[in-house]
Amino acid sequence: MKFTIVVYAAPYSSQAAATAFNFSKTLLSEGHEIYRLFFFSDGAHNTNKLATVPQGETNLQASWDDLIRDYDLDSAVCVSSAIKRGIVDKQEAERHELSAVSLFESSDIAGLGQLIDAAINSDRLLNFG
Amino acid sequence: MKFTIVVYAAPYSSQAAATAFNFSKTLLSEGHEIYRLFFFSDGAHNTNKLATVPQGETNLQASWDDLIRDYDLDSAVCVSSAIKRGIVDKQEAERHELSAVSLFESSDIAGLGQLIDAAINSDRLLNFG
Amino acid sequence: MNATQKQTFTFISRTAPYGSNRPQLCLDTALAAAVFEQQVNYLFMEDGVYQLLKNQDAEAIHTKTIGRILETLNLYGIESIYVCKESLESRGLLLGDLVIESKLTNANELKTLLNSSDTVINL
Amino acid sequence: MNATQKQTFTFISRTAPYGSNRPQLCLDTALAAAVFEQQVNYLFMEDGVYQLLKNQDAEAIHTKTIGRILETLNLYGIESIYVCKESLESRGLLLGDLVIESKLTNANELKTLLNSSDTVINL
Amino acid sequence: MSTLHTISKSPKSQLLSECLPLVNKGDGILFIEDGVYYCANSKVSDDFESDVTWYGLKEDLDARGLKLDDIKTIKIINYQIFVEMCEEFDKVISWF
Amino acid sequence: MSTLHTISKSPKSQLLSECLPLVNKGDGILFIEDGVYYCANSKVSDDFESDVTWYGLKEDLDARGLKLDDIKTIKIINYQIFVEMCEEFDKVISWF
């Protein structure tokens, strides 16, 4: 079955992003498919590649990155959510003359049309916030 | 009167960070003093220098940076909050071998002792979350 | 995207304006669905009805005034707008307090609406 | 910091564990205050009393188990621990359900506690 | 069309009373995250209606120390079964 | 010692009923952000106790279209007066 997972919440401050991650990991290991991950609003913070955590704690951003690469997932970050939060790829960094890139290469900046497309083309859409 | 302002909330997803900013700006323009700004938990996101906003909207991170520099404020970001969220200065970026710096130079990475110190040495401590 | 696939999206906006960005997220997503010519239902429920209050002016808090955007919701292809009767009444509000004329809908009608939706975004 | 300045900090922890990081923020700040040898009061109120339930095990959700940390709160120099009586009762909980023995405090005592505090962190 | 409703905030949120008027017969309600505290108070769970199926996420119940014997009408499921239930129901509505 | 309590979430949060048992005589309660919706419902504001002073932040009331004539017992203040009130009261407790 094809799922789309929408994440509205930042990592660490609430449990929702971790729940979305656990759900995504489980469905993939059960042989289901993820049509698209969509990071929306504060969910954009899950795709920041500059995070590190103390030893023994889980780096949720890096966990998402691993999962996306392991399963070659389509991972989209809402463009208007991302740039306001300092989540930028090379192209956005150049356009806005910013000093650095913060978005994992495993995710792409995308418009809200990608969320509507995902809703249409998935069997199930789940929201985590 | 000496104030300390503690910000727990990320910009944009809730109003709290904007309220903290408006309050801070008002108290300074009324001739009061800020002993310390302390960005805690998701409040750390207010100090990300890589953010841009569409024309006509307010870049809250840049507004904080302006205010901090204009009034030469002491601005501290909780270290454990910051690094988990990809908010790093040059030193943290080097220590964790990260590709970029995301923290405005106007703010400093600090421990929770700086919050206790601020509570002791300010006349008033206000929390915004 | 395959333009021939038309689905029913229902958006439930349950939160007050300005305190959080959830009303704006819900609206932006509904507008995107309308652009892609999907069937869009928009439901204001619980604190969400406060988004429709007249005389909002968010200038002082440096934000877009949501009430003014919602006034023209039907121009954007969102024509099925519902306001939850119970939510309005429990807040002491009347239809005349709102910026738009819309169907007052009770819980039973809303059940049917949700039941016939393909995707529900609930913010 | 001037070590001779001793103030009274009261921490009110009003939220359930794991769903948000607020219990952890409140605890970390209180520990910092204790390290700086301030007078620390710690109050569990509303959903915050759930932090004290026995038999927590957050292994399955990859988090530190808060209940286990709170068991040893007094070792860190936080000895004035209060649990709001009304909050416990309205949730159908008993003192025996909790990981620590602590004073059950009613609203009137809490009023006095807040009144005599220099700084209140309320999360 | 049947719907699985997930509720992820504590009873203080009043999410269940927001959700219930929109629940159709045959729907399921799954408590996750702090939503599992709805299972903690037997006064609350005794009122759960029987034309809806009630679920609680095991991982979140265990984390919070919520014992099984407090819970009468609620089926305990883990993440694997959560995924399976998303197949069984026609759609999922998240309440947060 | 007098305290100014700020409340910044809508009545759905139940923050006022959490706060009130801890309020001392002579304290102030200030509604900001979505907390100003406590001023919107006259059924609520009629119950406000008189040994506490009640305030609402003008900027947040204006943004939300809350008219003054709905509000009886509440003093409307702007950010400048918010700052002044922090001086008048001995400390501030934030409810969010």
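Think of it as A, B, C, D, E and F in the order they're written, each chain with its own count starting at 1.
In this text, a contact is a pair of C-beta atoms (placed from the backbone, for glycine too) under 8 Å apart; a residue touches a chain by one contact, two chains touch by 3 or more.
Note that the coordinates shown come from a computational prediction; the quantities given were computed from them, not determined experimentally.
Q: Taking contact as defined at the start, I'd like the list of chains shared as neighbours by chain C and chain D.
A: A, B, E, F
Q: Touching chain B and chain F alike: which chains?
A: Chains that touch both chain B and chain F, as defined above, are C, D.
Q: Which chain's centre, taken as the mean of its Cα atoms, is farthest from the centre of chain A?
A: F
Q: Looking at chain A with chain B, do both copies bring the same residues to the contact (over half shared) or different ones?
A: Counting shared over all numbers used gives more than one half: same.
Q: What chain pair shows the greatest number of contacts?
A: A-B
Q: So what's the Cα centroid distance for chain A and chain C, whole Å?
A: 26
Q: When the C-alpha atoms of chain B and chain E are each averaged to a single point, how far apart are the two points in Å?
A: 38
Q: Can you list every residue of chain E that touches 2 or more other chains, as numbers and ranges?
A: Within chain E, residues 8, 12, 33-34, 59, 91, 94 contact more than one other chain.
Q: By the touch rule stated above, which residues of chain B touch at least two different other chains?
A: Expected reply: 8, 12-13, 15, 22, 41, 80, 125, 127, 129.
Q: Give me the residues of chain D that touch two or more other chains.
A: In chain D, residues 18-21, 46, 61, 63, 118-119, 122 touch at least two other chains, as defined above.
Q: Which residues of chain C touch chain F in the complex?
A: 16-20, 46-47, 50, 53-61, 63, 65, 67, 91-92
Q: Under the definition above, what is the set of chain F residues touching chain D in their complex?
A: Going through chain F, the ones touching chain D are 1, 3, 18, 21-24, 91, 93-95.
Q: Which part of chain A faces chain B closely enough to touch in the complex?
A: Per the stated touch rule, the residues are 10-13, 41-42, 45, 48-54, 57, 59, 61, 80, 83-88, 92-93, 96, 98-102.
Q: Which residues of chain E touch chain A in their complex?
A: Within the complex, chain E touches chain A at residues 8, 32-34, 59, 79-80, 82-84, 86-87, 91-92, 94, 96.
Q: Which chain C residues qualify as touching chain B in the complex?
A: 18-21, 61-62
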